[in-house]
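All chains are identified by letter, namely A, B, C, D, E and F, in their written order; residue positions are counted from 1 within each chain.
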Amino acid sequence: MSEELIGAVYIVSAILFVFGLKLLGSPATAVRGNQLSTLGMLVAVVVTLGSTDIIDYRWIAIAAALGAVVGIVAAQRVAMTGMPEMVALFNGSGGLASLLVGWAALGMEGAEGDSQSAFTIITVLLSILIGGVTFSGSLVAWAKLSETMPSGAISFPGQQFVSLILLVATIGCGAAMLAQPDAGTAMLVYAVIALSVLLGVMAVIPIGGADMPVVISLLNSYSGLAACAAGLAINNTILIVAGALVGAAGIILTNIMCKAMNRSLSNVLFSGFTASKSAAKVEGEVKPISPDDAYLILEAASSVVMVPGYGMAVAQAQHVVRELGELLEEHGTEVSYAIHPVAGRMPGHMNVLLAEANVPYDQLIEMDDINRRIENVDVAIVIGANDVVNPAAREDENSPIYGMPIINVDQARTVFVLKRSMASGFSGVDNPLFFKENTRMLFGDAKQSISHMIAEFKG
Amino acid sequence: MEMVFLGFVLMLSIFLGFELISKVPATLHTPLMSGANAISGITVVGAITLAGGELAGWATLLAAMAVFFATVNVVGGYMVTDRMLSMFKKKDKPEARS
Amino acid sequence: MRIGVPVETWPGELRTALVPGNAKKLIRSGFEIIAESGLGRASGFPDEEYTDAGVTIGNDRGEVLSQADLVLRVRQPEPADIESLKSGCVHVSFLDPMNRRELVDSLAARGVTAVSMEMIPRSTRAQKMDALSSQANLAGYVTVIAAANHCPKIFPMMMTPSGTIRPAKVFVIGAGVAGLQAIATAKRLGARVEAFDTRPVVAEQVRSLGAKFVEIDLGEVGQTDQGYAKALTPEQIELQKAGQAKVIAESDVVITTAQLFGRPAPRIVTAEMVSSMQPGSVIVDMAVESGGNVEGAVLNEIVDVGGVNIYGFGNLPSQVSRSASEMYSNNLFNLIDEFWDAETKQWNLSPDDEIVQAAVITRDGNIVHPMLEDK
Amino acid sequence: MRIGVPVETWPGELRTALVPGNAKKLIRSGFEIIAESGLGRASGFPDEEYTDAGVTIGNDRGEVLSQADLVLRVRQPEPADIESLKSGCVHVSFLDPMNRRELVDSLAARGVTAVSMEMIPRSTRAQKMDALSSQANLAGYVTVIAAANHCPKIFPMMMTPSGTIRPAKVFVIGAGVAGLQAIATAKRLGARVEAFDTRPVVAEQVRSLGAKFVEIDLGEVGQTDQGYAKALTPEQIELQKAGQAKVIAESDVVITTAQLFGRPAPRIVTAEMVSSMQPGSVIVDMAVESGGNVEGAVLNEIVDVGGVNIYGFGNLPSQVSRSASEMYSNNLFNLIDEFWDAETKQWNLSPDDEIVQAAVITRDGNIVHPMLEDK
Amino acid sequence: MSEELIGAVYIVSAILFVFGLKLLGSPATAVRGNQLSTLGMLVAVVVTLGSTDIIDYRWIAIAAALGAVVGIVAAQRVAMTGMPEMVALFNGSGGLASLLVGWAALGMEGAEGDSQSAFTIITVLLSILIGGVTFSGSLVAWAKLSETMPSGAISFPGQQFVSLILLVATIGCGAAMLAQPDAGTAMLVYAVIALSVLLGVMAVIPIGGADMPVVISLLNSYSGLAACAAGLAINNTILIVAGALVGAAGIILTNIMCKAMNRSLSNVLFSGFTASKSAAKVEGEVKPISPDDAYLILEAASSVVMVPGYGMAVAQAQHVVRELGELLEEHGTEVSYAIHPVAGRMPGHMNVLLAEANVPYDQLIEMDDINRRIENVDVAIVIGANDVVNPAAREDENSPIYGMPIINVDQARTVFVLKRSMASGFSGVDNPLFFKENTRMLFGDAKQSISHMIAEFKG
Amino acid sequence: MEMVFLGFVLMLSIFLGFELISKVPATLHTPLMSGANAISGITVVGAITLAGGELAGWATLLAAMAVFFATVNVVGGYMVTDRMLSMFKKKDKPEARS
């Protein structure tokens, strides 16, 4: 087949990948998306096999057959709960493949002139480096997830320094290869491979098991980049395009996943180091959150408690609160409304408003009942309440409100506090809740904040 | 000129990748990740060209290994994604036309 | 054409047939109006408002009645009033013609054209004159206000530092016009509302107000083409009673509005059910005038049965006399307006008209209504 | 420790100091309870419910009073009752100690420790015992139900084939605990609600219930640290009256709840304002017991002033006696529970406690309350 | 400057265009978007001037200076109301430029070998064709908008046939040029130019003035494609990329604008032809609409009336109705609620529900009042009402409900009817409203339909 | 190979163009159209290369005319867009942080 024809088919295959990725993002179309993307891959592989460059099919047939068998068996055997580990393994395997392609491409070099060797060397090195990091990083991620190794964060003094040295060494080797393309290449290549693999391990071991999904997603983005680099090395457009697409899409997905965990990416990647150093300092720091990010957390929650207060009344947010509650319920989340006896400014203030908004009476829960099971609540949404959720009433004997029973939202897994500022409530007492580790402040008028979240849910 | 085209292709692919994924519900995070991972197995195409080409023996061996690993990634990746999505579909209650 | 409006004499009747606003509109259309002094006093409209609107206040009741070509009133006329009427005049009011045959006879004898407001058909066109609906609607509101006023529990839920008060449970039996408004009002006040009606179409309507429909399987139950319920068979009544018993026992307030057009109201709440309720509970029987849905209900009295108060006042719309007068007066205005020819300044109750056929009882000395004629 | 609960003797008092639910809880904590027969009858709790809960029904009132270490009641004791009390017992009730000095003296003389429920401080800790608030809250609900029951207009808006009824306008003066609940209830019923209060912080609270706050510039107005309003200067009162006049004239219902703690209520609605209202309008004066906000209001009467009805009933919470009893009884339970030592089974009104200091009037034969001591 | 460097700068410029277009889509960032895109253009022009290909700057300087002056003066003079016309003129000018570039590129051909001449000829022809259509089409659009020519749809019998002939002729000329690249090229080129210009005129004259904004948007997309074709002809990457970007974005924008007018693109382009043929046939045809499209129309409306009926009660949609109303008001739309006296199943049914949802009393309008001004209402949203908006009550003497006063929503500019099916209401009478020209049926549960629209508003 | 790159570039640009514009409020329709129109004036770059190159006289003349028209499009287009957007900005009420 002519190069042009192959190129044209590659374009078709890229289009299929584009549609595939796009459709994978929405529940209604995800299945079709994956099918299109599979088709794209099939087309690309078939047309490649027809290329005139290929003169010997033996190795290909054997390797592909073995790979397919392994892949099929692994995919069918894995339990639904083991999916993330499996994806990690596959990803590592993809990274290793890119590493190998880059490495093999060095054998290609002699064939053409020396003209573009610098470009080739750089791209080969990149594919080895990224592929290696992906490979070993994915393996570590797999080991942590499957508890083959301890899933906690592993760190030792000077860890970051070691990583830095490794990186510098890799770059050094690369520079050496560029400087004298022929002499000692083999040794240098081995060195780069070893360093990359080590780097991947160093990067992932300090991250805790719970963060592994994010890490896998990031490594997945890397493996796309590795494929892209390999494509540049061997001058193959579909590798470049598909790899770059996946690399970019993976970064966005990683970001989305971080937000759903209410973390920043750098926090995920480096918290293993910082955690040991500064544990106590956190008190006194307020962590604001945007409605978009709050949505991502809510979306992943399976039980949510709304705790309304006077601010809900001021914002007249009762209708949107109920709407959010309904949306969450449709989404399969368990929703209830915890009413503190003195929330608002008159007895029954919250009742009037929530009844107006048609919140079913069964969903209204009294303080004592909710406190009994607050630890199992994923997210407590405090809507313009302040005094009635102030843990000082429980903890601080000197507080003027000490002894007042409160709704212990601080014991829920995550707390959102919706208010306009850091101002205190009716009693004029500061609220330590706002500074707790698991609290996120969602500043702004409660009605607007909730409307934003609703829009996210619907959009 | 080819470098310019390369640059454009890279740039456009990356932007397109960024734009393609915007808001993904939490339930789809893992399938999407897995689906994207399968695509990144595109390396298989490169590996095939090398493994079938006229390279030195060691390079062909490496390339054949690459074919193996990439195939694992591609085949396993797509199948696993499909399994996850079919689960997901069953759970989804049938929605009326809107 | 001269309209005469006398003061209502029926005991406890606080409504009036004409409010100043409508008087003004009628006078603008070309009518002359003469009213008895004190016409709107009970519903909050002083004589001045009428005179401001252009109404002449007659010297005495006799004058008003004898000079009028068209007499408007709420309740059926006293025999004495009929004597004063001009022969050939039109008399519009609630009349209860089925049960007050002697009245119909004397109206016919006097040569009066009598229009019975209960007989206005329930057609789309006649909706705006349908006083039965407009008054039933207000009665539905009143039942709930009265129940709340007599109930020792508050209706809404309240979670307060002094404990949580559960919402009152209100059970509405019969969800026609009045029942639906009762449901809506009780919901507004924050009660937990349940309702039952024999007509199956009502279930959706009850839910559309956010209340719960109590499902009781009675088998086949029909409704007339006017939308009224058909009477149940004795077996069905028993089924209904059985189905209701538990709901009633758990309710703080029961409101009954079950009626059957032209027949006595079904007796559906037994003494036993009453005694199953908590002391302090309230029952409002809106059907008490037509025989009562509740055993033990007495017209115009509150009966205490072992701590449960059965509220049996008739004429509930009179309790919101101002609103009720406005609506009734609007109904009459719409009726007059419908048959008023603005060009010829003629008021023409054409005998061919559906509404006229349905609502005119006597005309030219004869009883013309098909349901009464042949008796 | 034995608790005694007598029947209320105050005319029109339907509440009870102890409901069966709380009796059960107290008995479980280790108290013994003796009650007079008929204790909860007026509020819907028959004797059986008490005996089921473990309460002993005493043979007569004297027995109940004389055997109790702790007497619970709603209203202040009759002089005769005081005679029956055991010396050294504790007596918890509303007491009105400022105005009933002679009662306080005789309680002290008898050696009774008297706790006055009005004096429970408005601290965060004491909120659950704050009977003044819990009862005012219910009173606020009752004002609106009573107004709706007496108002010849319906509250909600209705657009019907028989014309559109505009929503009733309700004006609430004084938006404390009762006023806010009145606003909420009137809003629920569909009225257009406006409100005014002298304390500026209230404006936001009124709006938070969806009602309109009437802005009247009175200059500087303070509030005490308990949250009560300070009295206005005569000039400010005039400003307020001027500002209100137009709103009142346009209102169908005016509800006044303006009170000043420990002083007579301000007179803020004049006869002139009353007569500016439409006939059939209703005024509910909740402050009538403490002197009345409305000129012409008479305690426990409905006064008709030119067609405007001024409703001046005292003891509004008694109208919802069941709910009110539950809340009051909860308040007392919380009070008892607060000072109950479950381990030693001791009930200990420690003189160092803030709440005790505020609410205990007499102890060991002496008047111990700072506001009464030195008089 | 080396070709590689220029290419790199072109990439930067393309990135700026991408960001520019993206940011232009949202009010908060639109100004910055336009600035970035301006910068992109500047960079591209400057770097091009530095190219070694350019040996003579005189023509460029003169032409550019003149063009800049004309552009500046025109842009500053035009009144705010004349913007669409101005854009049309600019667009035409851009189309003409592409045409000329394509044409001039024919002169370039000799310089290189004959090798790629087929490709060049095709792309040159495309740029002439698309450029010419854009040019003349834009001029006609301008003339219609500025009323220089009658703004109505102009059509004559056989118009579509003539257009077809023109197109065939153009293709024929193209084929001829390809067949004998040298002979008679000049004449053929003139013919193609003339035919393209004629085609543009023929395409736009049958479209009415009110649809011109959509046409301009479409022509704008074409002018992007023309630039792209010109880029292919002269082998200039930035033309290709920027042209294709604008071409694609323009089509999406055109589509969005069509939806906002509640039209399909083909309806806009060809309605001039069909209108004369089938006016009466429309009766009996129901036009469904999706919530997304309904949103686009609502967004462009300046007055909206909600007409609730029993279906709103059944769907318990009162809260979302109010929310939609509030959103519209925030958006600057005038919103009111027209209550028919017998809507629902009890007197005051709608009042109870709307009061519960906190709709202010002032926004409730009686039937007679709304009927007086219904002609000036942009959109009437009928929410589960049926009988009370049935024009048969007004028009059809044989209808059982004849004579009942109704809310004349059919006289509003556009009517949305939200209901689940074509079922009749309480009275069991069919409703001709559903078949009216200006009615759109929004099928589905009213609450869900409205929630969808709200999500669009917020998203 | 260059044709393949061309194809990729075209395909990617078109997809990116589709993805870039998704939901545009009605008020921005005209400015966006105008802004996009200005970008389509990129033809000016092509015109410049031709007008400054060593072509036959007639072609140079055509190219110069192309420079003129394209410049009108670019300069006018950007300015007009800017004017529209500045109007728009003034009307926009300042929004609080959300």
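Basically, contacts are C-beta pairs under 8 Å (C-beta built on N, C-alpha and C of every residue); 3 or more make two chains touch, one makes a residue touch a chain.
Model, not experiment: these values are computed from the prediction.
Looking at the partners of chain A and chain B together, the chains they share are E, F.
Least step count on the touch graph, chain D to chain F: 2.
Comparing the contact residues of chain B and chain F by number shows a mostly shared set, over half of all numbers used being common to the two copies.
Distances between chain centres, each the mean of the C-alpha atoms, put D farthest from chain E. Here A-D and A-F were compared by C-beta pairs in contact; the pair with more is A-D. Taking each chain's centre as the average of its CA atoms, chain D and chain E sit 67 Å apart. Centroid to centroid, with C-alpha atoms defining each point, chain B and chain C lie 75 Å apart. With centres defined as mean CA coordinates, chain F is found 34 Å away from chain B. We define each chain's centre as the mean of its Cα atoms; on that basis chain A and chain E are separated by 38 Å. Under the contact definition stated at the top, the residues of chain B that touch 2 or more other chains are 1, 5-6, 8-9, 12-13, 15-16, 20. Those residues of chain C in touch with two or more other chains are numbered 127-128, 133-134, 137, 156, 158, 160-162, 165, 188, 190, 210. Along chain E, residues 18, 237, 241, 316, 341-342, 347-348, 352, 355-356, 358, 452, 459 each make contact with two or more other chains.
Taken as a contact graph, the chains fit none of the simple arrangements: neither line, ring, star nor complete graph. Pairwise chain contacts in this structure: A-B, A-C, A-D, A-E, A-F, B-E, B-F, C-D, C-E, D-E, E-F. Listing the residues of chain A that touch chain E in their complex gives 316, 319-320, 322-323, 356-358, 451-452, 454-455, 457-459. Against chain E, the residues of chain B that register as touching in their complex are 1, 3-5, 7-8, 11-12, 15, 96-98.
Residues of chain E touching chain C in their complex: 310, 313-314, 316, 341-342, 344-349, 352-353, 355-356, 387, 393, 400-401, 403-404, 427. On the chain F side of its complex with chain E, the touching residues are 6, 9-10, 13-18, 20-56, 58-89, 92.
Per the touch definition, chain B reaches chain F in the complex via residues 1-2, 5-6, 8-9, 12-13, 15-16, 19-20.
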